[in-house]
Amino acid sequence: MALQDLRPMMERCSSCSGCKFIPFEKIQSVRFAENCPSIGYYNFHTYAARGRFQLSQSVLDGRTELTETVTEAIHSCTSCGLCDVTCKITRYNLEPLAHNLEQKAYAVEKGAVLPAQKTIMETLAKENSMIPGTKKKNRTDWAKDLNLKDLFKEKGEIAFFAGCKYSYDEKLQKTAQDAVRILQHAGVDLGYLGAADNCCTGRAKQMGYFKEFDKGANTNIKAFEKAGVKTIVTPCSDCYNSFKRQYAELGMEVEVLHVVEYIERLILEGKIKFSKSVPMTVTYHDPCHLGRQGEKFEAWEGIDKKIFNQIHIYEPRKPRYNGIDGVYDAPRNILKAIPGVNLVEMERIREYSWCCGAGGGCSQTLPEYSAWTAGERIAEANSTGADALVTACPWCKDNFTDAEDEDGNKMEVLDIIDLVHKAI
Amino acid sequence: MESLKKKLVGIVGARNVIDNRDVLDSYSKDESFATPMKPWFVVKPENAAQVKELVKSARETETPLVPVSSGAPHFKGDTVPSVPQSVIVDLSGMNKIISVNRQQRMAVIEPGVTYDQLQEALAKEGMTLAVSLRPRANKSVLTSVLEMEPRLNCIHQFNYTEPLRCSEVTFGDGNQIYTGEAGNGPKDLQTQWDLGKWQVMSNGPNMMDFLRMVMQAQGSMGIVTWVSLKCELLPSIHKMYLVPAKKSVDLEDFLYKVVRVRFSDKQFIMNKACLASLLADSKEDIAKLKSELPAWVSAVGISGDILLPEMKVSAQEQDIADFAQDCGLQFLSSLPGATGEEVLARSIGTCEGKHWKQTAKGAFQDIFFITTLDKTSVFINAMYELAIEAGYPTEDLGVYIQPQHMGTSVHLEFSLPYDPENTKEAKMVKALYTVASEKMSSLGGYYARPYDIWANIQLKKDAQSYKVLQDLKGIFDPSNIMNTGKLTLK
Amino acid sequence: MALAREVYQAFEDIVGNRNISEDIGVCETYRSIPSQTSAHYGPSKEWTPLPQAVILPGSTEEVQNIVKICNKYGIEFKAGSTFWATMAYIGGDNAVQLDMRRMKSIEIDAKNMAAVVEPFAIAGTIQAEAMKVGLNVQIPGVGCSSSTLASSSGWAGFGPASIFMGANPENLLGAEWVLPNGEILRTGSLGSGDGWFCGEGPGPSTRGILRGIFGPAGSMGVCTKIATRLHPWPGPKQFRTYGKAPAYKADFGDNFKCYTLCYPDWESWARSVQYFHESDVLYIGHRQFNMFGRNLKAFMLNIITDPEKQLSDLPELLKDPEIQKHNDNMKHDYQVVIAGMTKRDMEYKEKAIDYILEQTGGWKHEMMLEKEKHDYALAYMTRLGHKNLNYVMCGAYEGTFGLSGNVWKTIQVVEEASAQKRKWETEHTCIAATGGDSAMGGVSSLGGGGATGWEFFTNFDSYELESVQGTSDMVDENQAFHNKYAFGPDFCRWNSDVRHVNGYSYTQEEHDEMFAKAPQPWIYAYQYKIREAVNPNHLCGSYLRTLSPGKLEGK
């Protein structure tokens, strides 16, 4: 697939503004009606999916060069995929997310990248991490006291995959450690890849570095295979999406679970029981890559054709990712199961949840914009009256932690694992 | 003067050019405080072609024209010439009902058609026209709608201009066009009807709306020679209920509730002085009624026509009664001194001869403007205070609140009856009228129909609108011949 | 041709450097491609001109200052809000594009049933805010992603709910308007600071030059704020839905019903419409789902109401005799919503519908009574959030014919129009073959009834040049039909006299040539004179139809 291949899609977009708002039926207020952080922050039409389609046409036709502004516009897509959901509400055959990623890949191919992306990708190449300044040799330090099996050395089927953020970010490591302890406490025989634990490279793909993603993904797939992994458990939503969707597309057949899915399962099986009350009102943020992009991959091979002269169909019918089968209920069921926790919902939830701003590498490449995006969510969370904002992704949590809304208000931010740990 | 007469005679014929002193005198003044000014001639055109010629000719001779359609008496000063050497264009003779179409619920009428004349013709087809409060029998329907006299039913006032739709207008530059939908077709009604076009849509005809150039204009932009009107079905059941209250403010929530859900077919609030005047035929009766009636009454009409009328009326009766109860009010078919039936009949019927507001004391001065219902008590309180200060008997002060445009605003009307023979009282009322008009404006009262001194008050508050209005006047009446002197700052 | 530096700087000084761009990539995304939207001058793949800069004003004052700079330097400008319709885009080379996106506030006066809104307040957000206080806003047929300010002040503005809520020109109260000469005009009661409640007067209404049957489509300055009348909403404070995307369904309570009413023939169809025009029964009335065509609508309804289905399921569904029966039963149809303000009111409205059906021989469509389909249709009709299904089949649609006005006239010609479209479906491949009749539109385009606003949805592929060109050719042929029955320009050509197909404005000479032939040409001459008064430098393109008065005065 190349950007040019998406030309029909670009030219079948009808400029309807569906890519600028949450599904219209879900709008509850003017304050929280919009869906796209990129146009929300930059404001120019260019930054919404419609503008991006049009930008691609112009670039491909040679009218637009990849200027600094264009480069920033292209890479400011957090690849959250909400425009993809909202577009498909009425445009079943358009895929803005696929386009936006291809657009980024095109820019990367042409060398139109953001300065911070270069540093990140150098770190990936050298240290197999998405976080500049980190070293491969320290990657598994977070797990050293956890009794995790090295699956290359000991037999085991379930691999815990912390991901770069949990592995290296000292503020977050405890959450990953608690996740492991919770699962272990419930009797899960948990291992990890030890020295073969590397970046999932999903975030590289989100930034348009497709080749680097492919390389990393294929290496990891082989590693999982070699280690005999049957199930991957990850507390990171980006990693979850990589394994569940992207790796599956590359042929990986391993079961992929986010920690919340596993914890929910263990609660239902009676293996996790809550003994402490956590009296607080919380609201839950659906991470993009766990929610709408957490749908499983379905292979399709076929053709698109026209019937009745001009009606486009796929033969055979093509799987449609419209975000509805992501992981939404598991985290909510966990929260509801914790004694004392009162869950209140924000206006933008589930398949139309607002992005935290970290996606697409933006928390690292365009920090001011990313912080604004997070601040918007803090405002929304605060509007519910909740005491804390709970999420299930280290990138989201980190981005929310220091974020402020337009009035300078912050909010306590928790990973759902933190709450589970408190309650056990 | 003679050459002008000759020209006028050439256009409308000798019998339609009047320079009889008494006639000219009668057109030189009205019942308001407007300064009298005698016109040179009164002309009575018989058709739109003559009107067009009159305007063209007046442009050439720079003769001011004052269009008049209703019969006397007049009350707002708009038909009194503001400048010398004016010619009154009396359109009352053009009184044809050009068409009535039941299928489209449309009627097309000339300026001289009166309410009774039109209602009779419409009733034959099972229709009626939404009316303003108890119009005079010789009131021109065209003038009434063109000057946006508020209708008793705001619920069907989808457009501010309802029930007015299209028109034929000769602007002051001598050009004649159709406005609204009619302006898009051939300039001939019969041809338009043959094409299935019934002058239904008021906006336009194109990217501007020329009806709005002549509405509320007091004839200062052009002369309208027909209008099309959206009609209603004639009710088969028609009732009116009365909701009494001690203060007007007590009725606000009730009226908001009724209007919001679009129940009722008429809805207004009056104080007892106004209601007594509406109902009574003599001073004595008015006085008697004032002693019997509650201080304030909200009148609510309910009707049904062809679609399950009994069920509709019954449902609304019960629901509106519930609303009243929710507001701690009574929903009654009669009050001491008045039945709903009487109020309804008086409201929608016409009054012969004098205006019903003249009954109390022989003359009256109105102050009316637009505001919102929730602000009316501020104006009412201020008006009572001013009346007391001026020594005006507050028990005579009439108040009428008419929701309009589906309830987004109200027409608030104060009436100050006075004895025209009592110079002192007349002077006091004139002074009160002046002071109160200023005061109402300063409180946010909006003179959308800026008659007489209100033009000055209103336009001074809005320099940009005035500037644009002057630009428009320059376009549509470049020689400033149309009711010259009206709607200008002094 | 870039803007002179001092001009760019002047603009930047007004809005700040974050809110202006002359980057080629940004400017390129402010061009419209008529085949990809509703241009109303026919589908074409030509792009509108490239703006010299894009400016994002944040207030009326900023707009005014921008317009003053434009006047000073003779730069054309045009404001757009959602950038959906082609009319929002500039029509010349020496022009800047104003994007009103930063101005989206909504203030509601619940008591007096009005909302004061800025340009980028879309109907969907206004409705959401209004519902919190038991009110609703009229959403034009184009859908809830449209700017209410634009539909009120700049274009047509009628929709499915117009029968109950009026069209947006009817709902327009006060307006704040930056004239093309840079002055600010506030219409009606707003001008004197008395409030937004009345948009008319004082005396003759300057609102009359703000808009007519259509608005000037951005050719007369920039409306920065308007008040629009709101309407009762007897439903929940939130637009409550259930079900999975994309088939969200309404959960409003028992006082809402959505029916597809069907009739044996057009005559009974029209009689029923007349009943509704003459009563206060309907909350919403629209021939909606016929947009998928007479042959496909029931099948498409089975797709769009089911989150699991997609267009690829259409061939299989077409084999289902049950659905075919349903399709046959909805030939002469329209959708209605009734809303009970009270329990008694609901009972009356239900009975009234039964009575009308009895009188006209009509019926409620059975399939559309199924709970999920009913609830879907109710959500669809109420928010019009799914209106972009217009485009789902092929990527593009245009409305053609446009049998607006007298319903009794419309029904006499609808079958002939259908046959003409069907001919193009069978003899050509440019448009989707959906069954000829794809006429859709409001039961009334006016408050309280009186006129329909119909168009035939014509689906084509905006990617394929042959499909685009073929559709355009079909519309040309349809114009002859329009001429024959005096319907004026085809719906698809409403704007063909205000912008060239290549996206550029017409010259005055070209307009003179066109409008001198109008049946009442003075209308265009007055529009010329008014433009001269407030837009002496002709800075907003040629959407305003004007005729040099000299052409009529023999000069």
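Remarks
As written, the chains take the letters A, B and C, and residue 1 is the first residue of each chain.
Here, contacts are C-beta pairs under 8 Å (C-beta built on N, C-alpha and C of every residue); 3 or more make two chains touch, one makes a residue touch a chain.
Predicted, not measured: the structure shown is a model, and the values here were computed from it.
Compare each chain's C-alpha centroid with the centroid of every protein C-alpha atom shown, and the nearest one belongs to C.
Placing every chain at the mean of its C-alpha atoms, the farthest one from chain A is found to be B. Separating the centre of chain B from that of chain C, both taken as means of CA atoms, is a distance of 34 Å. Distance between chain A and chain B, defined via averaged C-alpha coordinates, is recorded as 65 Å. Averaging Cα coordinates per chain places chain A and chain C 37 Å apart. Every residue of chain C that touches chain A in the complex is listed here, in rising order: 18-19, 21, 23-26, 28-33, 35-37, 54, 56, 82-84, 99, 101-102, 104-106, 121-122, 124-129, 132, 143-145, 238-239, 241, 244-246, 248, 296, 307, 310-315, 379, 383-397, 425, 428-434, 459-463, 467. Listing the residues of chain C that touch chain B in their complex gives 109, 111-114, 134, 166, 169-170, 173, 179, 183-189, 191-195, 197-217, 219, 229, 231-232, 234, 274-275, 277-281, 341-342, 344-345, 347-348, 351-352, 355-356, 405-406, 408-409, 446-448, 450-451, 485-486, 488, 519-520, 522-524, 526-527, 529-530, 533-534, 543-545. Note for the complex: chain B touches chain C at residues 103-105, 148, 155-156, 158-161, 175, 177-178, 180-181, 183-187, 195-198, 200-201, 203-218, 220-221, 230, 233, 256, 260-263, 305-308, 311-312, 314-316, 318-319, 322, 370-374, 405-409, 441, 444-450, 455, 458-459, 461-462, 464-465, 467-469, 471-472, 474-476, 487. Residues 7-8, 11-18, 20-21, 23-30, 33, 39, 43-46, 50-51, 54-55, 58-59, 63-67, 69-70, 73, 85, 88-93, 306-318, 320, 322-324, 351-352 of chain A touch chain C in their complex.
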